[in-house]
Every structure is written in structure tokens, then in C-alpha cells.
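Labels for the chains are A, B, C and D, by order of writing; each one numbers its residues from 1.
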Amino acid sequence: MIKGISQAGLGHISPEELVRSAAAYGFGAVDMSTDTLVAKYGLEGTQQLLKDHHVVLGSIGLPVEWSQTESLFREQLTRVATTAYQASLLGCESCCTYILPATDELPAAYMAQSIVRLRQIASILDAYGIRLGLEFVGPHHLRTAWKYPFIHSVEDTLTMIDAINQTNVGLLVDAYHCYTTGFTADDIRQLRADQIVHVHINDAKDIPMDQVLDNDRLYPAEGVIDLRSFVQALQDIGYTGVVAQEILTPEPPTDSITSLWERSERGFNHVFQALSTI
Amino acid sequence: MIKGISQAGLGHISPEELVRSAAAYGFGAVDMSTDTLVAKYGLEGTQQLLKDHHVVLGSIGLPVEWSQTESLFREQLTRVATTAYQASLLGCESCCTYILPATDELPAAYMAQSIVRLRQIASILDAYGIRLGLEFVGPHHLRTAWKYPFIHSVEDTLTMIDAINQTNVGLLVDAYHCYTTGFTADDIRQLRADQIVHVHINDAKDIPMDQVLDNDRLYPAEGVIDLRSFVQALQDIGYTGVVAQEILTPEPPTDSITSLWERSERGFNHVFQALSTI
Amino acid sequence: MIKGISQAGLGHISPEELVRSAAAYGFGAVDMSTDTLVAKYGLEGTQQLLKDHHVVLGSIGLPVEWSQTESLFREQLTRVATTAYQASLLGCESCCTYILPATDELPAAYMAQSIVRLRQIASILDAYGIRLGLEFVGPHHLRTAWKYPFIHSVEDTLTMIDAINQTNVGLLVDAYHCYTTGFTADDIRQLRADQIVHVHINDAKDIPMDQVLDNDRLYPAEGVIDLRSFVQALQDIGYTGVVAQEILTPEPPTDSITSLWERSERGFNHVFQALSTI
Amino acid sequence: MIKGISQAGLGHISPEELVRSAAAYGFGAVDMSTDTLVAKYGLEGTQQLLKDHHVVLGSIGLPVEWSQTESLFREQLTRVATTAYQASLLGCESCCTYILPATDELPAAYMAQSIVRLRQIASILDAYGIRLGLEFVGPHHLRTAWKYPFIHSVEDTLTMIDAINQTNVGLLVDAYHCYTTGFTADDIRQLRADQIVHVHINDAKDIPMDQVLDNDRLYPAEGVIDLRSFVQALQDIGYTGVVAQEILTPEPPTDSITSLWERSERGFNHVFQALSTI
């Protein structure tokens, strides 16, 4: 597995700084949008920057709003191929989006519509050798943040993936969402590595599990999630992809960038310490 | 368009009697399962029976329960290819199933699961040149007969069809369900003929539209549905398939078969009278 | 059916002039790329131009080279969504590409690769409500213009469409290619209207059919193709789309634009004269 | 990885005897059709037999002829769901078929037709949690055994799998076919484990590689194929499925069943000896 880092948890760090420093703190992959770097350095310049700093691209975010109006979807879908093309030339192989666990739309029709749109997106990504990771979202408060329940379990997300019926779609498995949906390390062992496109780690506060907030996470090893078992299970099923940090907080952290990097590095070292190989 | 007849509305009529009498009452197609006739006469015998009595097969029902457990679905899916093969050899080109407007299952996951299963079914039917018609179901009482709303509009059914993503899936348009979902003749004109796999006609009691019951229908031209506009709209979009009678009633009708046939014939004559061609 | 006109056969006519004059010569649709007009007038300006001149967009060409290298395909695929988005806002519902009847690539693998790429293209177009028409190409000289035979018959093109398995893919039926593949008016009658995305008409020289050249066509009604039967068959199956002129010649015609328009108008009048409605 | 055994190489051994003896010779999986055992013992009896003899089902063959006429395909497709259902209840997760490297059909249309049919087959298997493995076939003599080349390389087979576009289709990798197509252990390392549904091993005579015959194979470790590197590469990419023996010979072997078992066991021991784990 490759340790990955994202901007979420490193304050106002720029994409460029993320790339420059990642390896020094033990990270081999960066999750980020490629636009600003390519705008600044060009494609070859960005390829060189990644190479010189010994990092690969982990996952990019999906640049299209697929859960709103048809009009907005059609307008933004035009970005997907260009983003995917650029990312593919930079060696990126995955792109993720999240599925909110509730919706104001009547859920049956909203599911059918989402399947149609995610398939169109996945088909474009597939042309560029990029896989689409769907992130199930666990925190309980979000299940009632909109009128109707949608889906939040791994099982239901896998059914949705089946319905999309594109060979390049899988899960984004985030430890926080496993924790809040009761998806244990043993459950991870029931998955196949190829069902997992990307992984996020982060930690949870020591409060009742059904009260943890989606945007109030801790750095790995600072909370109550058994992350060692989490990564061991991924290792056991043969997952060899990226495990990236993503720390959502109500406010950006105020510590120095250096201390945030060190905190991240410490967290990852602690979590991965017990594994035989990374 | 071809006038079609089904057992629903003709009491305890046998499939064989349905075939023997249909043409005499103006019907060119019969909707029914082919099993009993093939069991009795064999395949060639059934082909000959249809030919001798100047009728073609309209639509067969789908012989698999796709909305219950995985276990039941897997067990019954084995019937689809055999049924489809037999029906294709008998010249049948369509097979229909209905979508209930509510469900006890959480609707988002239930939609995803239904899409997976209906695609598998449609794929088998496609191998035999058979199209799958999905019937949206309009009566309002059914929308609350189970815990959660599912879908009932043409628009949502078309989105579901998109999500299934098989070229041989379309609508079963039933006049009763158009009436109870406010889908007018002008709305029919916005459809393409190829979006319609099969059509049912029947009529509704003169009570508030939101109170008509799914299983308490009238014969064509005996109720308040504007069936002439309905068939005219189908004609205008170039629909050339079967328009079959399907009268669901709480109890089987007690009149003689002959009078039921005559009532059906009368109804169809009245409805189709104003069309330039049938 | 709607009479359509394209630049092929009208010399050096600009897209703008095509739009401005079409209706005056009896044409209701224009086949062309929308880029130059949108670049000049903007989207709303182009919508207005079409509206003011009483024409709709017929079909646009496909702006991606799908039969060459993977590298070129990936680069050009980025254009499809933008082109489709623009075309959809201009009311266009179809986009066509041709299938050459021979190839220098080993044909089995080339077929598989083409199916993958055309599906990706069709999926993007589908997001914008645009159908993809595949044009089978009949002239015999092209069957040996490259090393190995590919496909040229309607039957094989329909199998390819089945293999692509996207609901928005159908045929571009060109009278010249029907003529050179022996696909008669009676064969057209065996098709369903929804299998046809777009139609081209033109005419053939009075030389043996297997010697007509792909780029040496005549204006409708000036050659030996029975175009009246061709359009009558389209009418009979309920095809209501565009029938557009496409005259490929070795050199651009030297006559005045006006006489080329008049020749086109005459040809169409002659061909459509016997139909009861257009 | 699980060592698997098939009837091919064990003379006239019955499916029952294959199950009873496999574990004694170090095999954990049997590749065979399940019909005869289920006919004799019933479903539960067969489940018990497998359990009592410590073997699982490896792969079943595909019971439908998909490369001949449409009529034959439609007739035989009816077997797939029943076979798949039975196999799934017996814990089988894979079903394989081979792709001949040449054909008497024009290859482009034959490829399109094969893709349509294999997709319909794969869709049915998917309903039962069974994956379809496509076996590329390498021996050079078969490339000219029919009129036109079809496909034989891993690369082209992967393109065909892409075109089929079903999530449950992958490769059957047979060491003999890797050997005869020059697909090395390093090439295996470029595959992902999830691209491989099933594996066969056997060995080749010490004659020029382009002269080895498809039906004249040797037992593992008795020929010139570097099978140790082959299985090491599978191990390195994380393949954990079955590696089954399949020895095709011009005549069934005449040795005693016991000596054939011992020869098979010896071959596998030699091949797997250098691996750290199985």
C-alpha cells in the first residue's frame, strides 16, 4: 500500500507544496486536483515535479456535479474528459466522489438518475484508464440532514455499483465511514481488493459513534478507530493501492504547516507500524 | 395497431379458448402464457393453432419474481430463457412486468437492486428478440399500500429504463395508469413509438380519479377514460403494436363467456371507431 | 420526413449561407458542424439564426478520430462532450460517423477496439440526448482499398450496433450505400424506424453497380438509384427524421451556388413528388 | 493459490472418483461439470461429497455453443441459468470457454456477434455470482486451421473483454497458451489478479515453440515451459484462485489411474516447490 496525503488536514497548503514535501514525511502519493499545477508548469513540468519529488498522483476529485439538475450536469460533464485526459497523462488512475446518505429528492427516482449519470461519468473515465471510487458516507447526523434516507452501507453501495455496470467502478473506503456504519476489519476481509479503488484514513473523537460529525475528524491514531486492524485487513485482502489522509474539520487547522505534516507522519507511522510490509 | 385480448376480463376462459375465439370478436393478438398450450399441443401444434385461428401472440408475462429475495430470484431466473425461447418460436416479441408504486424496502437500495435484476432479465430476453415492457402503476391507493413511495410516473419509469441500459426495454402503457397519473394524450404524443413495448386498455369508474382501485376496472368505453384520444395519440406517434384488454376485477365476472367476448368487442369497436386505420 | 441539406454538393458554401438559404429551396434541416457559427454569433445568436431562417440542425459529424491510435483517440475524445453540449443546446439530436468496409488492422481485434471506443462516444452523446448514427459504406472499390475486409452490410452493422449495446446507436442509411450493397426498398421495410438515426440521399452514375466510386456521386434524380422507392420505404416504416443530401465529388462543383441550390431542390422535388406527405 | 485437477490427464476417471481422490494427491479444487454428480446424489448429496473429500469446485465448462448458428445458440442458452444456479449452490465461482485463434467466418462480423453472445452469457452467470473466463489459445497450427485469423494474444483478448463490458469477465490463463504466444512471467506481472478468472497448467514438448500441438501436452514439470516462474508471477500479482491441470492428448493415457494421479501430484509439487506459500 502507498501512504497518501491530501490538502484536507494541512491547512492552506498549496498543491505545489503538497507535492514538494510529501516524500519527506513518508508519503508516496498525493490526492489533489491537477489543474493549478498544470496551469503553472504545463503537463511536462508537472510530470517532472512529481518525479523529482518522488510522489505519484493518488486520486483526483470528480469535477462534475452529478446530483443536481440535468442542466448543471450537462454543462459540467464537459470537464470530465479534459480532466481525465490530463490526469491520465500524469499517471493518475483514480477519481472519487461521495454518495450522501440522504436526499431531498424522492430516493427511488434519484437512485435511477444517479446511476445513469455515474455510468456516463465512469464511461469517460474508463477511456483514460481511470477508475471511479464511490464513497459511502457513514456519520449518522447526515442521514437526517435531508428529507429521505438514501444509502450509506457498503452492501448498498456495492448494489449501486452493480447497477452502474461499468467495469471501472468500485469503492472509496474511508475508515471514518467504516467506523460509523459498523463495517469492521472482518467485513473488509470479505471484500476483494479489486472492489476498492481508493482508501482514506482519519480518526474519530471519543464520543458515541452515532454522534460523530462528518466534518470533525482527527488525525490518524489520535482517536478511537482501530486503524491498525483497518490497514491490516486491507493488507490481508491484497489491497496495494493508496491509503490517503483526509481530515475534515470545522475550521482549517491553525498550527504551522510543519507541525501538521509531522502530526500526519506520526499518525501514519503509528497506524502502519504493525504491518509487515507497506 | 393490433387489437389484443387477455384472460383478464373473460372469466375462467382457457388459453386455448382464448386463441380459438379471438379473431371472431375482432382481436388479432392474444396475451397469455404459452406453457399450457405447448404442454398440450407441442410447439408446432401451438404454432399451427395460432395460425389456424388467425392470431399472433401479443405479450407474455414475466415468469420470475424479481422483487423479493435474492434466493428466489436466482431460483426463478432459470425459467426466463426457456420461456423466452418457447415464446420466440411462437412469434412473440414482448414480455411485460409491472413496477409497484410503493415498497416496504428502503427505496434507494431497492431501486438499485431492481435495476440489476431487470437488466439480467432483459439481457436474456434480448437473446430471443423479445422486448421487456415495464408497466408504471397509477392508482393512488397503491402508493400507500407499502411503507415507502417507489415510482409511478412515466418520467421516472423512463429514467429507470435508462438506468437499466438495455436496448430492448420500454414501457407497458396502460390507459388506467395513464388516467391515474395524469398522463394525457398530449403526453403520449411526446413519446416515441419505440419507447412503447405494449399497451393495455380498460376503463375507470366515474368516481374521483384518486380513488379508483387497481383491481376494479371496467371494460373499454364503459367508464370515464377518454380512450379514443388515448388510441389516437398512439396512432399519431406511429405505434403499431398490440393494444390489449386487461380488466382486473375483485371477483371473476359471472356472465357467460360469450357475453364477455361481446362486451369486449363492443368496447374495442367503440374506442377504435374514430381512428382512420387500425 | 424533413428534407436536409449539407455542404457536400454546394461547393464552397459557408455554414452561414447554408442556414440562410436552405428554407428558400425547400430544405428544413441543415447538416453541419456548429463550431464556426457559434464562434461567430455565440450560442443564442446561432439559435436565433436557425429560428429566423426556419431550419433545424440535422446531424453533426463526429469530432473524434476513433479508428487510429489510442493516443489520438484519448486526445480527441475531449471534444465530444463540448460539441455534444453545444449541439444539444442548438436542438440537434444526431451525430454520425462512417464505418469503412476494409482496414489495414487485423479485423477481429479492430472490431473489438472499435466497439469499445464507439460505446464511450455514444455514452457521452447520450448524456446530451444525441443519437449516434453508424454509416455502412457500400462502394466495392473501398472493400479492397485496405488489406482486410471489415464490414459493409446492414446486417453486420446491426450486429456491431448490438455489440456496442448503447440505446442511442443506430444506422445512418445512405441511398448510395444501399444501392451498392444491394439493400433494397423491401429490405428497408424490414427495418424499424427507430433503427435509423439519419438518412442521406444522392444518386449513382449509370455504370455497373460494383464500379461506382464513393466520391463520385450525382444529385438526387440524376442517376440510376430508385430514390422514390427508397423514400417511400422510409415513409412506410414510419421514419420521420431527416433525409439529407450529401454529394461527394472528386472536385468541388464549379457551378454557381444558386444553380447548385436549384439542382438540389429539383432533385428533392422529383424524389419526394410521389409521396403523399413529407 | 489452490491446486486444481480436471479429468483431462486422468484417463477415463469419473467425476465422482475425481472428487474422492483429489485431496489425497494434494489437490484442493476440481474442475468439472456438476451434472452427473447432481443427477446421482442430488444437490445436497453433492455438496456433502465435496465437503467430505475436502475439495471445492474450481471451474465448470460453458454448456452453450456460442460460435455456431443463432438457432443453436438460442436453443442452448436455456442451459446456462440452470447450470449456473446448480454450480452456484455448489460453491463454484467460475466458468470458462475458449476463443479459437482462427475462424471460417469473416472475422469482423464474427467478433461483433461473439461479443453480443458472450455478454448475454456473462450476464446470466453474473446473476449467480459466477465469473466467465475467456481462454486465449496459442498453438500456431490452430491459427491456420480455419480461413481467417481471429485473436490469440492476451492483449487482444483483453480488448474483447472490454468490448463485452460485463464486470464478471476475465481471462483463463493457460501456461501452454502463454508459452505459445510468448506471454512471459514478466507479462503476467503486468496483469492485475482480478483480470484472471482461472488458470491452467500443463507442459510442452521440447520441439520448436511454433510447432507444439494444442492436443499434445505434457504433465507439469515434464516439459520445457518454465512453470515455476509462471506460478511465481501469479503469486506476485496476488492471484489466489485455482491453478488446475489440464492435459490434452491425442489419445487418453493408458497408465493406471493411480500412476496418473501420482504423476500429476509430482508435477505440481515440483512446480510449486519454490513458492513461499500456496
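A few notes on this one:
By our rule, contacts are C-beta pairs under 8 Å (C-beta built on N, C-alpha and C of every residue); 3 or more make two chains touch, one makes a residue touch a chain.
Please read all numbers here as calculations on a predicted model, not as lab measurements.
Under the contact definition stated at the top, the chains bordering both subunit A and subunit D are B, C. When the C-beta contacts at A-C and at A-B are tallied, the pair with the greater total is A-B. Averaging C-alpha coordinates per chain places the centre of subunit A 45 Å away from that of subunit B. Touching of two or more other chains is recorded for residues 119, 162, 165 of subunit A. In terms of inter-chain touching, the protein chains here all touch one another pairwise. For subunit B in complex with subunit A, the residues that touch the partner chain are 106-113, 115-116, 119, 148-151, 156, 159-160, 162-163, 165. Touching subunit C in their complex are the following residues of subunit A: 73-75, 77-78, 80-82, 85, 88, 117, 119-120, 123-124, 126-128. Across the complex, subunit A is touched by residues 162, 165-167, 192-194, 238, 240 of subunit D.
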